[in-house]
């Protein structure tokens, strides 16, 4: 096992709060181990176009609390061309980079696996995405902050919903998973939560949504009623769903699409701590020879998980909360 | 001038952060003056349907920091029927109410003026709306909080816009005025601000938006670029505008519609203080005989303004900031 | 095993954000199971003095986001008198209460164990304290929020420390444990963290603190430097420590005692979710016969733990972070 | 009147949220007018020690939302030596600086006046201090944010005070003025506000504080009770006052000293807008020949005020709120 002297680092895919904290941890840990760190900018684009800079401890001072990523991020279609991965590997080789750390989601990890086919060095992933849809780690970096951002919005909408005794649909992010929606829905006291894991909603069968609304109106009288909806849960989107519900029950239902504010913001403590642990552990693991692994945290302990399996979607939303919500949520 | 013994209070129209602080100030001030306070629920609906309760100091303890309104709010089409205002006046008379305080926007004040045609008591308005589109007061209750809520969203979107060097359009509320958009746009460092007061944007002439974007891209290279758009600024809405711009400049422009989160939330200090002053002053002014006036604050001092003129729209967004933004904003 | 028909609930000891979310979960879950809920006010005082009220779903609407506890809390010296526990048990018996749920820390659980000596019903605890010093659960309710409150303060102090390149000591709560200090210190990028678990600091040996400061000044030049100090870490308190350090290194060190703001505030998502799970699980566990147990969460799953062992302090702060901080923290 | 080609800028005294927004506005406005900007670091120290850098628009991108000051701040005893002001003026002259902009409080402005005795160029001040104790402007930059920071703490303490029905004293900053205390006290619904402008409190006469407490306890029963105390209001500080009150009324009174967190944090909208206006106006005013003036905002409009008079303390806290608090506050 060769000694690691020079590490490259990049952030890829959708930005997530805590990416900067992970960058900082990599740089500080590497500095303590006398390893040099090169940061590529704009994700894999910077790797393909040789856009990089050396990262020293002073460059990461006072960034632990910043949203976004100082290395910028991007989607990189060029990596998916036949020549992309080879060019990336050549660039790493040419810069004498012993190991590459990729901070991103499972899509970014797939890119890393392609590069690995041509690259002699080690590759390790650090899970950074608000969607939490990465296997091998209980939480991804950014997920905790996204929950609190969504929650802050739900709390605000609750004020208006309460003042007007109105029905609101709040659409949250999550790509094809309901992690953010379930967590923010439970924490926001949402009367209903609609996410891919629960069941498919079709325009022809809205009764599973309308029945609990009507039941609650009978039981509680008019009151605020909030339905958290994961994106991609309804054909045509949440605005279309709100219109369909309005028609179905004869009471106005308003949609609020939270959108990109869920990606930004100063990371909460949990994300900064997770990012610090995983960034530090990635550097340690590389020194111990780890390759094609993701640095994750399971049961409070750092752990490695095969990069190739991070997109298998064997992880599931909390079954205890799912069951509770369905039994009790609309009381 | 008869002594005031019993006041009625209601909140009407869109809820605004600080309405509860105004309710509290009315109740505490009235208590100190040994005046009884009746609160109607759901705005004018409660007045028409005699849904009310007595408000004592203990009922307003610990509500100064709450968003929404403990009295609920509502739009009330029934008040706009020919019989509505007369019925409202009769109910006030029957409950021996010497004066009515309406917390709301200029639409709510128009309702109060209708009631006044049949009502023997005094009526005073307190300006509560996030839109700030009420004449006779520098700021309305809720406006300062709405700015900071919008700003919080813009700051978060800036993180992502910066990480991806992307163009975002952020749509803010304001009905037909640009107060929130100008203030949050300036405070968020928005590269462009589009609001009704500036100029009309039509699908046929997008150049006034695209030219500064292209200029900035030449000058600064790729960088985050945020355009704050007041609602009702473009036919078809901000999503349509984003699509039109994407087509026009060949770079993806994303829309983010902030929506109802701008109405809720714990009021910021400025709104709580303004609400406290205006609520207290409304009670004082009634005791001094004020009628058909709005309690406002101009140049830091409480003042009265004719209710009938509050919707004249003679107030304007800050010309200094408008000019500065147009000169400098996109540097 | 008798059927549970009536549960009593109280919050005791220092209040913690999320206590209201736990109350809500107990009440909603009980309602779904057709169990009546009685809430005693002011912790054990209300139990001794028969100060209580029935809690229905409508009483817990819209409290999930509130700090504090709607049932009030208190320390109760009367429970520690010889007659206290017997009187408490008699009152429970007399009110036909089948089971008691105590939300609080290990001190409150000791009180519950005393009552159990005389009480025929079941008793279950729910861990609510910001200090996280309760065995049998990874996190206590309130801990996550306290970290973020402390972090918010550290971030703000960092602004000033950075502007002035100054040394600040920030004292955080935790009674005799360093959970909050380690977590907020890591997340805040603190250059040093002083907490009981690390080592004892005495006035005679300040070198373990001053040496890293001087080392950092040599390495980085003047820069902001933040030392997070757990309360009870130094004789005379953190202000005395700041004075001693100022004298020892000849550079001004300022102390900032965060104090009681760490107890309040709207709970973050993690605390609301944990509180919801544990409150719901406490009701379920009682129905399954649980007695003298605490409802906790370990490795993401609800679990029971003997109340008598919750104060054993076998749980420890994260060794990975401790080691990392000592190696790397002051880079 | 000579054309301005080169401006120098520095931030001095206690840092205030919004200083960065003011720096940004100066730089962007100057860029639009083709004026060069030099930033001195560490306040007057950088001016004396020739520590400076050119500030271009890209250097102030994305700083409008940051607390602290990118130019650093400091107290500068060297400026108060007989040689200090002359040396400062020489350095300005030598660098061909046509005008100096000082962002700070009245102490910093006194330093500027000393320099002006030897300097041929123009000098203008921009009021940046959380204390709001500068004449010639309704609000200083940083004041609005400090109110909301203090308020956030008061709201959190209210949660605990309410849960325990306890008396808390919260000490806020303000040097020798009560602006922050009055505003945050009113906005926080404080039962009492103690600040220099109201009356002097001495250990011998605590009755003006204890009488309202006892009155409230009679009227409302036990309840949370918050006393906001401006720093420097009591000999020995607020902790000593809490102890004296505890002794006097026999009920525990706890002190919470908010301290330096009041200086930091991301500026609220009002501060960013004020900073933007005043920074822009300072550049404009210099071009129109302004000298020895402060750029302030009065009645919503930018205005100039003699630097020499900014420390006269003719401005006063809002008499309406003072009177209202004394009449009504403890209901």
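For reference, chains read A, B, C and D in written order, and residue numbers begin at 1 within each chain.
Assume a residue touches a chain if its C-beta (ideal position, glycine included) is under 8 Å from a C-beta of that chain, and two chains touch if they have at least 3 such contacts.
Just so it is clear, the structure is predicted and the values come from calculations on it, not from any experiment.
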Review point. Using each chain's Cα centroid, which is most distant from the centroid of chain D?
Key: A
Review point. Taking each chain's centre as the mean position of its Cα atoms, how many Å separate chain A from chain D?
Key: 39
Exercise for review: Take the average of all CA coordinates in chain A, do the same for chain C, and state the distance between these two points in whole angstrom.
Suggested key: 28
Check your understanding: Using the average of all C-alpha atoms in each chain as its centre, how far is it in Å between chain C and chain D?
Key -> 35
Practice item. Please list all residues of chain B that touch 2 or more other chains. Key: 155, 158, 162
Exercise for review: Draw the chains as points, connect those that touch, then say whether the picture is a line, ring, star, complete or other.
Suggested key: ring
Point to revise | Pairs of chains found to touch, sorted by chain label | key: A-B, A-C, B-D, C-D
**Study point:** Of chain B, residues touching chain A in the complex
**Key:** 11, 14-15, 17, 19, 42, 66-69, 72-74, 149, 153, 155-160, 162-165, 168, 254, 256-265
Revision key, fill the gap. Residue set of chain A touching chain C in the complex reads 21, 24, 28-29, 31-32, 57-58, 61-62, 64-65, 138, 144, 147-148, 151, 155, 158, 162, 183-184, 186-189, 220, 223-224, 266, 268-270, 272-273, 276-277, 280-281, 299-302, 318, 320-321, 324, 327-328, 331
